[in-house]
Structure formats: structure tokens, C-alpha cells
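There are structures below to look over.
Same chain, two partners: subunit A is paired with subunit B first, then with subunit C.
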Partner chain A sequence: MATKSIGRKPKMSPWDKSQLIWGWIFIAPTMLGLLILNFYPIVDTAIQSFYRTMPFNRGNVFVGFENYINMIADAEVWQSLINTFKYAIIEVPFSIAIALVLAVFLNRKIRFRSGYRTIFFLPMIAAPAAVAMVWRWLYNSQFSLINNAFGLHVDWISDPNIAWISVGIIGVWSILGYNMVLFLSGLQEIPGDYYEAADIDGANGFVQFFHITLPLLSRTIYFVLVTRVIGALQLFDLIYMIMDGTNPALPKTQSIVFLFYKYSFQNNQKGYGAAIVILLLAVTMIITLLQNLFQKKWVNQD
Partner chain B sequence: MRKIIQILAAVLVLATLCIGLSASALAADSTAPLEVVIWDNNQQAGLQAICDLFTEETGIPVQVVVKSWDAYWTLLEAGAMGGDMPDVFWMHSNNSQMYMAYDMLLDLTDYIAASEVVQVENYMPEIWELYTYNDRYYGLPKDYDTIALWYNKTMFDEAGLAYPDATWTYEDLLNAAKALTKEDGSQYGFALNPSNDQDTYYNFVYAMGGSIVTEDRKSGYDDPNTIRAMQYVGELLSYCPPNTVMSETGTDVLAKSGQVAMITQGSWMVADFKQNEYMAENFDVAILPYDSVTGNRASICNGLGWAASAFTDRPNDCWALIEWFGSKEMQTMQAELGVTMSAYNGTSDQWVNCAEGIFDLTPYLQVASEEKTGDGNNMLVLRPYTFNSTQWQSAAQQAFVAAWADPSKMEEVCLSFAATMNNLIAQEVMP
Partner chain C sequence: MGYEAKKRLTQAVIHLILIIVSFVMVVPFLWMALTAFKTVGESTSVSPFVIFPSKWITDNFVTVWKNMDFFVLYMNTLLLIFFRVVAACLTATMAGYAFARLKFKGRDLMFSLVLFQMMIPSQIFIIPQYLMISRMGMTNTIFALVFPGLVTAFGTFLLKTAYQGLPNSLEEAARIDGCSIFQTFLRIMMPLTRSSMVALGIFTAVFAYKDMMWPLVVNSSASKMPLSAALATMQGQYTSNYPQLMAAALIACVPMIVIYLIFQKQFIEGIATSGGKL
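So, the complex of A and B:
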């Protein structure tokens, strides 16, 4: 339509008009959902972050930037942000690298292929809370399968130096199958001709992987990277289910969303909680923007 | 064709609207079930039985729903803000002040005055205190709980020690814990985590003359007697599992799995312990020790209240149900079924029988009698609370993690936490 009209408002044919109306009708449910369930709460949270909230939100007091000023001086907030990054640094690269290798192998014709695919995807269909509960007992210092099977005495989830890695491992394990499925669908879009040609030229599997598979899969990898980084920054349920409030490792493991939950829902300080979550929003947006800038350097644009 | 689709779409939209409207219209119907929400799974079966009798009597169906503790308060708070709470629910001293002050609960004063079943003097005055605000009643006492010492008979026999009894002082507890701790880490004398406040260390503090919240609403953690009690906790920690272990696994689970010889626990855990084969076979109950300096034996006491939503369309039905729960017969039944001890005076004797032949539950009642048992003066202390207790309670649990890891820091943590807590209390704003 834009090409037809240069400099003046396009006149709509009845067909275009009806297309437009039906287009809106079809996206209306999603749009309404987004506006009511996502957009409105974001705005509301942003507004709330400028208030000292009272019980049941009755008579909240406008305090300007007080919550933000307190937050900047609060070491716990920055420690939680660091904890969240530490988790992301384990979850994102490992879950992508391992899933990529798995996807390449499971894209070949091997026996029990769909069986393996199902096994790797299974953690994805289990509820995150259930996954966390099972791992909590796998890691338990007294009764765990891991400690007893190998005769270890490791405090997997209460030693501040280890707990963040333990949580990261669960993260990788849970998301592996999902990343793998996305990579599989990306792999299936790569035409077989390239590999045939490479075979004739005498390139081995290793060379093929780095010179054909990786470049042609880069757009899928970019998509997975962006969504996983955002997902990792939102870490909450694993920490909430696995660690109790008196866990000595909690200060070095709790994520920024966990801190938001603590202030908003346990301590009744919703204004401060809102400020914390706005910080997370800002951090997420900056990181995504940076990824968007740098993607031109490595993502295949054709 | 398009016309038909448009008409169909319009009809669909209208239909959804109608369903929505009729659903809200139905809510006021008296044949719809009253929604009762609680947080303790152990009590559901017993309370549903009591509600079923109510339905037989009045024809009003009742549905009892259980939530987890965290989910319960999130649901209730969201409901309170949106003006749509469950009909009838429990109140707890942690939050009751806030809900009463902000008019979220149905005022029961006039109903109580008009009632023939509910007479104020028949219920424990301590529990009334928790649910009274500006001389108006917002909750009917449901139950009360006290604390007692659980000990593993098998481990005591093996070590050749006499079972704990009313003559025990806190020194005796410490010595027994020492004797029952094995060096290879397979068995420990005692267990308490910073989260075991009401059921464990608060009791020590009040017996030794300290306090958690003083009478003028300040922190009691800097009181020398509180510090003495917390230093006693520090000594006791030498005979407890490592703090990392206790932070991962609850002390009740450690007791159930035969790793610790003694814990102190609230009467609300009896229903759960009774069902555990290991506990039933090896454990029994003794009264808490007393402090040799003060001569006092203190048990923290708390009680829940039945409350109703201030926004309910059916206040009379809600009151009818609350009155039913509060009647002497149903309070007795609650105790008999072993749900909990009851707040109605004299009905809790039946509760002791719920574990007949398994545990001797009399220590829970003895400590509530305001007299001497053995050489200790019994003291019943209401669970300490302020306007927003949750905030300093969870802060205390986190602050004491450092002292648990290194008990020599106990005094330091007590003093610094007292300042934190005073700060938090000062920020509490009453409407």
C-alpha cells in the first residue's frame, strides 16, 4: 500500500478496508490481553515506584525518587543483580552450546531419534515448581541421592560458594530441551545441497559445522540468545522453591526478582519492590539493545 | 456469508458478557457454597466435617479450601485491595492489626452481643486480645497453641539418661543435648534454626526474663536477659547439626528421620507427628524446662481467630458459620478430632485423648495452667506482635543466620538487630 501512495493519503478500496477491519478483529484478543495484562501493570508499577505504599494501597504517599535513592545505596540490591548475572552466565552459554550440539546429533538419522528428542524435551513439560522440588532433594546435604551415591558431604545449596552453580545447573537442565527444539527447526531449514557440495569438496563434519551450520543457524541462535538472556534475568521460582529464608547461601544467590518478591509480598513495601523491578526492566532493555547492536556483526542477514 | 460471520461474532461477544454478568449475580445466592480458606492442610478434614454438620443444620453448603501460608496471605491481601475476599477465613496475630485497622474484616461486635451461643467470657482472653481493635471484635477465637519438648525415648534409653520431666532446668537440657550428641555426626542432641522462633527460642527468651517486643513497643533484643537467652542458644548450637543442614531441612524432618534427640515444637504439629511412624514409635512429649535464675517456665501462646470479609454479600450466613465454629459443641469436636486445642474454656481436655497411646500430650495443657509444675512457675506469653510483625520477624530470621554460623557473634547480632527492628517498628504507620 505504501508504494502506491507517495505524498498523499491512500484511498482505500472496500477490499482494503475490510482487510483492515478484519485484521484488527483478529489481533484484538491478543492486543487486549497485552494491554490489560502486560502494558497496564508496567505503567502501574512504574507509578508505584514513586510512592511509599501503605497497607492495601490505601493512602500511598508520593515520595519522588526516594525509593530509587534508597535502592542505589542498598548493597543487597546490587548483590542480587550480580547474583542474577552469575546465574545468566551459567545458564545461557551452557544451555545454548549443549543444546546446539545435541540438535546437530539428533538431526541425523540415528536409532531411537524421537525417543532421545522426547527425553531431552521432558523437563520442559514439567512444572518449574515440581522440577525445583525434585532438585531440592537431590541436592539435600543429609539425604540426597547425589551425596549418598558418591559418598560426598557437599552443601550443594547452602554453601555460598557452590549454591549459585547448583542453581545454574538446574537452569541449564530445564531449558536444554526447549533450546534444542528451536535449533532442530532451524537446522531443518538449511538445504541439504550445501552439505552435499561440502562432502564433494572433501570438508569433514567439523568444518561443515563451523562453516555451514553455524552461519546459517545464526538467526535462530540470536533469537534463542535474546529470549534466554531475558528469561535468565527473570530467575525466581528455582530460588524461591529451593532456598528458605534462613539459608546461609541466600544473600549470595537470591536474584533480583526474588528480592522484588520479598519486598512487595512479604515485607509489604510495594513501592520499594516496584523500584527494584523497574531497575530490572532498565537493565534488561539495555542488554537487549546491546545485543541488537552487536548482532549485525555475527548474525547472517540474508 | 460475511453478514453471518459478523452476526455470529456479535452473538459470541454478547454471550460471553452474559455469562460474566450472571456469574456475578449468582454470587449473592444463599444456596451457593460459602468459601472458607485456611492454610493448614492438617486441619482440613476435621474442619470440613464440622462444616458438613453446619450444612445439615442450616442447608448452607460450605467449601473448605487450603492454601500454602505464603499463597494464603498473597490471596487475602489481593482480595482485600480488590474488595473480593473469601467469605470466612483465619486471622493470625502477625497480620490481624493491619486488617482490623483498615476495616477489611466484618465487625462481629453486634453479632456477638446478640448471640446466645457466643459469650465472651467463655473464650481465652489472650486470644480475644489479638482480634480486638478499638474495643470492637473482628475475630472469634478458634484455638490456641502452646509449646512442649519432644524427645526420642530410644536415644535416651541408649544413652542411659532419664527422660525429661518437670524438674528440668535449661542447664539440664544443655547437658542432655551434650550427652546425646555422637561425635561421628550421626546423632545430635538438639536442633533449632533461626526460623524456629515461636516454637523454640522465643520460649527461652521469656523464661530467662527477656522479651522480643517490650511493653512500649520497642525491640527486646538488646535486653541483657534476651542476650543471655540467645547466648544459651549459642551454647546449645554446639550440640545441633551444622547450621547449613538445619537451613535446608526443617528440624521436624530431622527429628522424624532420627537425626536429633530433642526438639521443641508447637501443639499444631501433633496431627502431623501422629501420622509419622517413626515419631509415634520413638518420641514422647515433656513440659518445657524452666530457668534456674528466674524460676520461670514460659511457653509462647498464639491463637487463630475466625474472621469474615467486610465486603461479603452474606454477612449473616458468614456469622452463622463463625458462630457454629465457636459453639461449645463444635469447639469440643475440634479438640476431639485432634484438629487443635480449642479456645473455648475447658474444651481442650478432649484434645489430649486424640493421641492416646501414642504421645502424652498433657504437657501442652499443663504449661497453660497458671500455676507451678515441678519447681517452675508456668507463664503463658502471647506471641509477640506489632502492627506489621512479618517484616521484623523475617528480618530477624535472616540477621541471626550470621550468629548461627558463628555463635560467638550472638551478642553483637542481638544488639545490631535491636537497632534494625526499632527502625522497622518506627516506620509502621497506623491509619
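So, the complex of A and C:
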């Protein structure tokens, strides 16, 4: 009531001033850190992709679009992109579908619930290097468990036609429990009376799953799908640990990030590595865009 | 079939499926342990195929512990996790508070930058981050390991959400009592976001523990590696000796798994709230 705006430019109240000062003090460390650690590197990576790294630390030479032109002509890059997508095609749908079923089971009143959950989540806590090592050993064609237990003679990780599936299986195994936990928290938000009403109507478990669970969980499923696809595109650890340089299946399994690592830090061709990682960025952006477009069709809006 | 019998059958089928999946999840860890206690001869015996070691030997553990100096690797991993968690929680809680509860010029623009960072695949940052560390002459240091995790866009986002969930009345009361913004933040608001801070801390710790590429890039010296990178380089040296490899993998995994089993509820919730950034 007492406020009269006299001047054209209202003077900042001491409270607003205090908010301005403290606000900037509080965000300063984070923003400064993001600037140095993330925003400058984005620009720097983009610039590097126009340079060729000379051997023996003789500096960089500007080469214009040469790295990009070479990359477009490079069959290895396209193959690695295909490999990455093939990995995603195994990892994403299977890890989501199995996790969804498990989450629905664990959302019931069932004994040992938290025990099962703890076990399924276990691979998330293990170092990827250790996970890859033990799977590589499990897949060993001569001496190890899988072939000997089932009497098979499969070259799980050295047959180029099979290795991508074997790597995908490790991916599913690794991420299953994580997806399941996300689904479980989504399921817990669905009111129990929906199921009670369906029970009274005599709807069985399958009908309930498709008519109640799936539509009401579509938001969570979509979210998990998006993050899983983007995560799968960044496949590196498994390939690095499982595929030796001499493995005949390497060309058919190496991922785009693996190739980025190889050129940037093993072959010391950072310019080319930078171009590859820009390609990864572009692919990620396109997928994010597509997923945003599809979201409206797919997700049940309340 | 009566209703009760049908219900019991459903339960049995569900348990059967859950047990099979549990078995698949646990087998790799069991095989890791079983192999680690075998001799090389036993581990590569095909006829007969050996599942349980005839004699549980500990030589493999002793050998790899000595050769790889696991004490140092544990310390490096611990320091990496400690500094990353402290830095992430500290910077994120401050920024999260400011973004959620203070009104000031430039806030929305800055927050959109935070969101933008979360959309970018982190591999984009690695070459320049490595060059910075290299120019500072800081390769093969704990600082190099910690460096990319000094601030966190995701953590800022997480804590902003936490602060937004708090009622306005608390702040207003504090303001009337003459608390400064800093005092309100420190004494009243920050303690209320404890559970989100714990979640961020666990997420940061697990992420730091699992990260492999960055340590491989910056720390090539064995005495400055964390567990993940050390395991990766070890594989090249012992490729055929699977009992030793499995012993090393087990030594690297067990501490985290034990901590997880003790605090499993906090772990699962902490990582689940991360919403897929792993």
C-alpha cells in the first residue's frame, strides 16, 4: 500500500541487491567450472577437428575440412557407427523388456523382494573392467563355463558374426537392474486401486499389464528408452576390455567412442579423433530431436 | 482350480523366473571367485571340467596383491572418490540453492547453460581436458583424476529440484528474524536437502569408481591409477593367467560390493535418482 513508484527506474531494494550478489557468488564456482571444463572444451574440440596433429609434437596444422572429408570416406568410421547401433539394438530393447517384466513381478507382494532387487542391481556396482574380464573368461571358447556347461563350440567373442551379440548380452546383463529400479519407482506411483478394480472386473495379469501398467508407465519407459539409447551410443569399456587388437571380430564390434579413443590417445591423431567425436555429438543430437518429435505420439499425456 | 491354488501357482512361477534371473546375475561373480581360487591347470582343465577347485588356494591373491600394489590402488581410488564427492556436493548445493530460491539477473540464462551441458556426450570434453592437464604438467596426479568432476551440471540440477521442493515459509521466517541469505542457506535450507546430497554423493562415488577412459588418458603411471584403469592395463600383462586376472578383479570389486550390500537402499535410490546419466 505504501509503495509508490516515483522514479521511472525503480531502485533495487537491499533485498534484491543481496539476492543478486549471493546468487552470483553461489553459482560462480559451478559456472566457472562448467566454462573451463565443458564449454571451452566443446569449442576447442570443434576447432581441433579442423587441424591435423603432427607427429613428434610439431604442433597442429590447419587443414580445413580434411578430417571430415576423410571421415566420410572412411569405411571404418561408418562400420563403427553401424556396430554401435547394432549394440544398441541388442542392449536397449532387451534390457528394457526384461527389466519391465521383473519390475512388474517385484511390484507385487512377494517374498525376498529386496533380496531380488539387490541381486539384480549388483552389476551396477561392479567395475566395468572387472565385469568385462569375467565375461571374457566366461566366453572363452576352450576352457570356460558357457561352452563347457552347454557342450558348445562357439567362438563367442572372436567370431565376427557373433561377437556383437555377445557384447550386447553383457550390456543387457549390466544395465538390467538399473532399468528395473527406474521402472519400480514408476510403478509405485500407479495407484493400487486401479488394479483392485481390475481384479474385481476379473481382468487377469496380462490384461492388467497392457491396459493399466503399460499406459501409465509410458512416461517412465520413454525416459528410460531415451537415456539408454544415448548411453548405448557411448559404448567403450566393454570393447576396450574384450576386443584385443588382434581379435578378428574387432572391425565388426568396435564402437564409435572406441575409435575416438584410438585415434585421440593411441594413434595421437587428435584432430581426427575430434572429428569423430563431433560426429557422435551430431548423431546424439539427431536422436534426441527424433525422440522429442515421437514423444507426443508415444507417451500417454495426463 | 480354486482361487487360492491359482494364486499360489502364479507366485511359484514368478519366484522360479526371479530365481533363474538371479542365478544369471550372480554366476559371473561366482565364476570370478571360483576361478580365483584355482590353479592355472585346474582353470583350463576341460576333461574333466572343474567347477569347484579341489584345493582352495590363495596364491593368486597374494601374487596379484604384491605385483599390482593394491594398497596404492585402493588409496588412489579412495582419494579420487573423496575429492570428487566433496567438490560435487559443495558446488552443486550452492548453485542448486541459488537457482531454486534466489531471484537475480542472469539466473535463467545460466541455468539453461547447465541444462545444455547435460545434453552433451561427455567424450566431447576429453581431448581439451587432457590437453589442459598436460599443459599444467599435472598428468599422473590425483588432481588429474579429480579434475573433470570438480563441478557437476547434473548435481546442480538434482539439488535445484530438491530446494524447489522446500516450503517458502521457512525462508520468510528466517528473513524476518534477520538471517542473511548465507545464514538461511547454511543453517536452514541446506540441512533439509540431506537425502538429495547423499544421493548425489553416492552417484558421484560410483561414477568415479567405474570411470575408465579418463584415468587411462591422464594417468599412465601404475602408482597413480585408480582400480578401474589398473585392471584394464593388467589384462594386457597376464592374458593367459585367468586365475590371477580373476583374483585381481575380485580384489577390485569386493570393497564396493560390501559397502553396497550394507547400504543397498541408499545406493539403489541414489543411483536411480541420477536418472540415467551413468
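Observations, loosely collected:
By our rule, the second predicted complex is superposed on the first by the 262 of 302 C-alpha atoms of A that agree within 3 Å, B and C clash if a C-alpha of one lies under 4 Å from a C-alpha of the other, contacts with A are read in each partner's own complex, and residues count from 1 in each chain.
Just so it is clear, a contact is a pair of C-beta atoms (placed from the backbone, for glycine too) under 8 Å apart; a residue touches a chain by one contact, two chains touch by 3 or more.
In this text the structure is predicted, and so the values were computed from the model without any measurement.
Judged by the touch definition given at the top, the superposed model places A:P248 against subunit B, while subunit C stays out of reach. Considering which of subunit B and subunit C touches more of subunit A, the answer is C.
Using the contact criterion defined above for the overlaid structures, shared-chain residue A:P93 touches neither subunit B nor subunit C, since it reaches no partner. Of the two partner chains, both subunit B and subunit C are touched by A:Q142.
When the shared chain is aligned, subunit B and subunit C each come close enough to touch A:F265. In the superposition on chain A, A:P55 contacts subunit B only, with no contact to subunit C. By the document's definition of touching, of the two partners only subunit C reaches A:A129; subunit B does not.
Applying the stated contact rule after C-alpha superposition, one finds that A:D155 touches subunit B and leaves subunit C untouched.
Of the two partner chains, subunit C is the only one touched by A:S185; subunit B is not. Overlaid on A, the two complexes show subunit B and subunit C touching the same residues of subunit A, namely 18, 140, 142-143, 244, 265. Of all residues in subunit A, those touching subunit B in their complex are 18, 25, 54-59, 140-143, 155, 157-159, 244-248, 250, 262, 265-269.
Remark: subunit A residues 15-16, 18-20, 22-24, 26-27, 29-34, 36-42, 44-45, 48, 98, 101-102, 105-106, 108, 110-112, 114, 116-131, 133-135, 137-138, 140, 142-145, 148, 173, 176-178, 181-182, 185, 205, 223-224, 226-228, 230-231, 233-234, 236-237, 240-241, 244, 257, 260-261, 264-265, 270, 273-274, 277-278, 280-281, 284-285, 288 touch subunit C in the complex.
By the touch criterion stated above, subunit B contacts subunit A in their complex at residues 2, 9, 70, 73-74, 77, 80-81, 98, 101-102, 104, 193-195, 241, 243-245, 247-249, 254, 257, 259, 388, 390-391, 394, 397-398, 400-401, 404-405, 429, 431. Looking at the complex, you find that subunit C touches subunit A at residues 10-11, 14-15, 17-18, 21-22, 24-29, 31-32, 35, 43-46, 49, 90-92, 94-95, 97-99, 102-107, 110, 113-114, 117, 119-132, 147-148, 150-153, 156, 175, 180-182, 185, 206, 209-210, 212-213, 216-217, 227-229, 231-232, 235, 239, 242, 245-246, 249-250, 252-253, 256-257, 260-261, 264-265, 267-268, 271-272, 275-278.
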